[in-house]
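Read from first to last, the chains carry the letters A, B, C and D; within each, the first residue is number 1.
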Amino acid sequence: MTIESSGTTHPSDSDEGVPALQAVGLAKRFGRFTALESIDLTVRSGTLHAIIGPNGAGKTTLFNVLTGQLAPSKGTVLVHGESVHHVPVHRRLGVGLARCFQVTNLFPELTVLENVRLAVQGRHSRHAFDCWSTVGRNRGPIDQARQVLERVGLQRVAQRKTSELSHGQQRLLEVAMSLAPDPKILLLDEPTSGMGIDDVPVMERLLTQLTGDYTIIMIEHNMAMTMRVANRIAVLVAGRVLIDGEPDEIRADEGVQRAYLGEGLSA
Amino acid sequence: MNQSSIDRRMFLRSLGIAGAAVTAAPLLYACAKEDAGQNPGAGQSGAVDADALTLVSLYGTSGLQAELGQEGLDGLRLVPEAFGGTLLDRPVEIVAYDTQEAIDEAVRRVRESTEAGAKFFVGGLLSSTALAIGEEVNKSGGVFVTAAGADELTGSECQEALFRWSVATHGAIQETVLRMIESDSSRKRWYTITPDYVFGQALLDNAKQVFAERGIEHVGNSLHGLDATEFSGYINNAVAKKPDVLCILNFGAQSTTTIQQAVAFGVKNDMEILLAWSGGLSQFRALGPETLEGIYAGAQYWHTVDAPGNSEFVDMFREKYDKNPSYSHAAGYISGKLILDGVRAAGSADPAAVVQELEGMKYDGPTGEETIRAEDHQVIKDYYLMKGKTASDMEDDDDLMEILSSGQSVTAVDQTGCKLVPLGG
Amino acid sequence: MLEATSKDVQAPAGATGSDAERPARMRWAIVAAVVSVAALALLSPSYSLASTVLIYAIAVLGCNLLLGYTGLLPFGQGVFFGVGAYAAGLSFVHLEFQVPAGLAIAMLVGMVVAAAVGSLCILQRGVSFVMLTFAFAMMFGHLVYVFSDITGGENGLRGFPGMSFGFFGSRLMALNTSQAMLGVIAVCFVAVYILLTRVVRSRFGATLMAIRENEDRAAAIGYNTTLFKLMAFVLSGLVTGLAGGLYAMHLGTVPDTALQLDISVTILIMTILGGTGSLYGSFLGAVVYLLLTDYLSQVWDRWQILLAIALIAIVLFLRGGLWGAIEIARSEIGHRAGRRRRRGAGQ
Amino acid sequence: MSSELLLSQLVNGLGNGLIYFVIAVGFTLVFGLMNFVNFAHGAFVVLGAYFAFELLEREVSFWAALVIAPLLVGAVAVVVERLLLRRLYRMAHTYQIVATIGLAIGIQEVCTLIWGPNQFTLPAPESLSTTIEIGATTYPLYRVFVVVLTATLALGLWLLLERTRFGAMLRAGSEDADMVSCLGINIYLLFSLTFGGAAFLAALAGVLSGPMRGLSPTSGDSFLALAVVVIVVGGIGSYVGALVAALMVAEVQSLAIVFAPAFGEVVIYALMAVVLLIKSDFIVGRLARA
């Protein structure tokens, strides 16, 4: 699958120094329950940074704070050095943050192509106020949508309704939806959740291709794949970052094994 | 069971329903055209027969006014028999549309019937419906007789085609409030409960005029909305002001509820209660003898009035419906009868000729001698002041009220502000 | 909690049909509108009934834009209808406006009130939104009587001059016959039908459908859903206000019932009877509802029992409404034709 | 503004408030516990009054009718729920509203068919037809009886909901009906009982308001409008909220009658709209950030 250059250059334009995304002293409390406690996380541009941890470690809460779904109790979120935690959800794309959902959350009665076209056009939603010209003449976004579908391998089912897709295909569509607005940073929430054995390699190949073009932050339970795909891994336990390092360091660290896996990690 | 097979089973069932609905409409419509023997062409209404002498009933027989509407129609249905079924050797027919007292329904029915050749219309319980019908019938050159209460019908918005049988607000207040003040000088302090809309306002203005002329102290007034159902607050207000008479100026369902709550609050033993505009026998039956005892009420009609016109009507009514007629029955009957009396006198069904005959006509009506005033087409007739009988001296279930006085009072012609809009105008 | 979502509303398919059909569909829509109006004018028992059907059809189109395409259940469409009627009426009575100007005022006021009421209602979602529109409908219903010196209270707004069509005083055509009235109303209906067909097929329409399908996701991918819903409300207010203006013009008065809750309920019932799957369904809903009502009310006083049964039957068996039935019929016939062709080819 | 009139208005408001509560509580519980919007609730109130009217015509005492009529309506409601409404539970509220509007029209027209369109009133029992003095104001004994009955009913219902196993099952059902059915509780039986109980309460309110105001087949709409206002102001599905909201609406109405009569009706819907707006997250969110 060749990737035509889609015109905008990505991480290479921001110099090595400024990290793509940085969380500084992030904390989140729901009443007396502390979901996140002073999280510091730095994600380099063009890398795939996985976040792993046992259930209830606060992974999804962290995600919701990063994407603006939840406002942090303390601390800030910096995207390319600018603080974004006050930016409302629908303008998060403006700063280059695109998210895919853990629970499939698409437009069931609309076609696959329409789902992605909407995502592409979401970047400049002003155009969507055009009440007169029909969608068919919306050339730009439709072409871009077709390209994205080709990239994730869904171009054959473009005209089918989303509700008629298999679960694996819907997960691919979730990723396509976050790719559509050509973001700088991709936040993927368990892309392989609920996928069959044969779909996981498709997703793995896609992730390896995307790394380098995009900065990816991923929550994932499939340890084997994460180890192969991720550049760095942050282990989250009970709302705190236990360790943040290369996959080999994480595999070797007994603390991680004790807190997270209980048995050997040498999968 | 995947999605498509559910659709198929659903389809068979829905086809049945959709089929019934879609085929039913043209089918029913087709047979409607057949039995009416209408010549083809759009715009012909199914029910009106051009060569018959048709009285079109526009009473709302469903919805909020269903009770009075149904009674009006039942009264009107006596008219063909009263004329032996034919007049000027044309069959007398009644065509009834249920307008639900909605203006758009009524106006549409008038236009359809006029296009089908009908000229004579009866109905309009609410002022708004009566005003709209009057204007429409006048434009198409017909005759319309109503019993609605708004002064404008024979005042600022009078039409040549429109005749009104019932006494207007001025006459009603004169024959009730004024009569009570004259007959007992101790009635010095009055409290009024008024519905906050045009008709209620007219009753209040007339009452205030009488209070001013007679030096009566108007201790207070409560205004309430058109669909208020809770009046205990207003009654408390009234009791606090300690009036001699509680004068109720709302009507229909609201007045029944107001009286009921007043009696429940024991108001009867420290003041008299007057219902200026009652709905006649049907409303009194709903209230019942215990509540009605000692309550004063103004009424347009009462079945025990001994007048030739009334006994003829009551006998016919009892024979057909086996019960005593109420106000709305009489209104429906006399409205239809007046039109046909006009046609018989004019010897033709031409509306202009009928209007000429009706103007100034004197006749024996349900309330005795009635005259139609030529200048504003207002029927000058008796309006009754009545008092609730005690259970003991009631002769039968309907003998609920005793007539104290009756009289014909009507606004002077020059004060009505009526300039008859000519037919077709 | 049993999960009941608005998705069950029979949703029109996505806007991006294959590109080739795009212009053809538009032409078909225009032809369908013109032919249907002509057929209605010929078959309807009377011109004034045909006019009433088209007036309500316009209001139902406005309601379907919200219910079918944006997934909002509006209980207050009667507010924009009544406000449009009074605006046009007052301009006819006090300012001697002619028809086009009066209708323009009706549309303008319909939009303004829709913007005001809409901006408050869309702060809530789901049933709370429905209850809020219900509250505004009841409130406006009472305001008619509170300001009875302007609206004429229960006597309605009276004193309409003869309706005439013209601009700035020139009398191009007197509108005193029901045929002329029907002509003006028919032109308005076809214009609104075409306008809304374009809108629902535009990018704006596609975004509304996305909001209907999944408002949270639409927000997540960058659409300010509140603003889009408000735009949909304003457009619906414009169309429903026009219907109100035509109602006043056609009746020659504005009854107090024009602003009561019953109008909102009737418009809603017609929208659902017709089917929210397409705009043509709305026209069907108005036609079948009013023709059946016109006929049945002469046949039986308690005809509303049949209406009650029909409503329940539609919810249980025919959620797509009449349009849903047609679509099922079409797919069924297509299905059978397909099988016959295959069997034929088999021998 | 005599204080004595104000006192009588407040007492009056209390009486009306409790009746409004009994009218609205069924609507709130069905919505809260079953996530089902029943726009035919007002029709059940009227049906209760008509059944009582029929019983009284057949020489049944008011006290007996006060119990039998609501039971009959409860039975009718359970039958309707089994045959018709059960299939609507998983549907969008749009369709629940349309189907129940159809049901309301059906009940209204059947009542007109059987008992005619006339308005009717239920005679209060002899023993309660007198008045008593509260401070300087007279107050009908019947309304005192209604206040006492509805107050004990409100307390009893609260105890049923909060303190009994059945209550616990109902409240759990409102949280997650599927989970409750997994625990072996027949959720549909629970829903039938809830729906029947709500109709029983509505009918009881109908019978109680019979002697207080005139009723006709079309009165259902005003009862429904009242229930909607109370459910919105009190919070959907909240029992105590419905009680507080009902009293608030009645008191606002009785005070409005004294101070601004013409606005008596409008003020209720304004109150409802304001409450909805205050509760909307947009404004709450904005306030939080401000």
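Keep in mind that, in the parts below, a contact is a pair of C-beta atoms (placed from the backbone, for glycine too) under 8 Å apart; a residue touches a chain by one contact, two chains touch by 3 or more.
Not measured: the values here are computed from a predicted model.
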Please flag the chain sitting at the greatest distance from chain A, going by CA centroids. B
Among all chains, which one's averaged Cα position is nearest the averaged Cα position of every protein chain shown? C
Using the average of all C-alpha atoms in each chain as its centre, how far is it in Å between chain A and chain C? 42
What is the distance in Å between the mean C-alpha positions of chain B and chain D? 34
CA centre of chain C versus CA centre of chain D: separation in Å? 33
What is the distance in Å between the mean C-alpha positions of chain A and chain D? 50
Multi-chain contacts in chain B: which residues touch at least two other chains? 62, 70, 196, 225
Per-residue overlap in chain A, given as positions that touch at least 2 other chains: none
I need the residues of chain D touching at least two other chains; which ones are they? 112, 262, 265-266
Between the chains shown, work out who touches whom and classify the graph as line, ring, star, complete or other. other
Pairwise chain contacts under the document criterion: A-C, B-C, B-D, C-D
In the complex, go through chain B and note every residue touching chain D. 62-64, 66-67, 70, 196, 222-225, 227-230, 232-234, 236-237, 239-240, 253, 256-257, 260-261, 264-266, 282, 286-288, 290
Considering only the defined contacts, which chain D positions touch chain B in the complex? 2, 4-5, 8-9, 12, 15-16, 112, 116-121, 123-124, 129-131, 137-140, 142-143, 211-214, 216, 218-219, 222, 253-254, 257-258, 261-262, 264-266
Could you please specify the touching residues of chain D with respect to chain C in the complex? 31, 34-35, 37, 84, 87-99, 101-103, 105-106, 108-110, 112-113, 174-178, 221, 225, 228-229, 231-232, 236, 262-263, 265-266, 269-270, 272-273, 276-277, 279-283
List the residues on chain C that touch chain D in their complex, please. 1-9, 67, 73, 120, 123-124, 126-128, 130-132, 134-136, 138-139, 142-143, 145-146, 226, 261, 265, 268-269, 272, 302, 304-305, 307-312, 314-316, 319
Contact residues on chain B for chain C in the complex? 7-8, 10-11, 13-15, 17-18, 21-22, 24-26, 28-29, 32, 42-47, 61-62, 70, 96-98, 102-104, 107-108, 111-112, 115, 126-128, 131-132, 135-136, 150, 152, 157, 196-199, 225-226
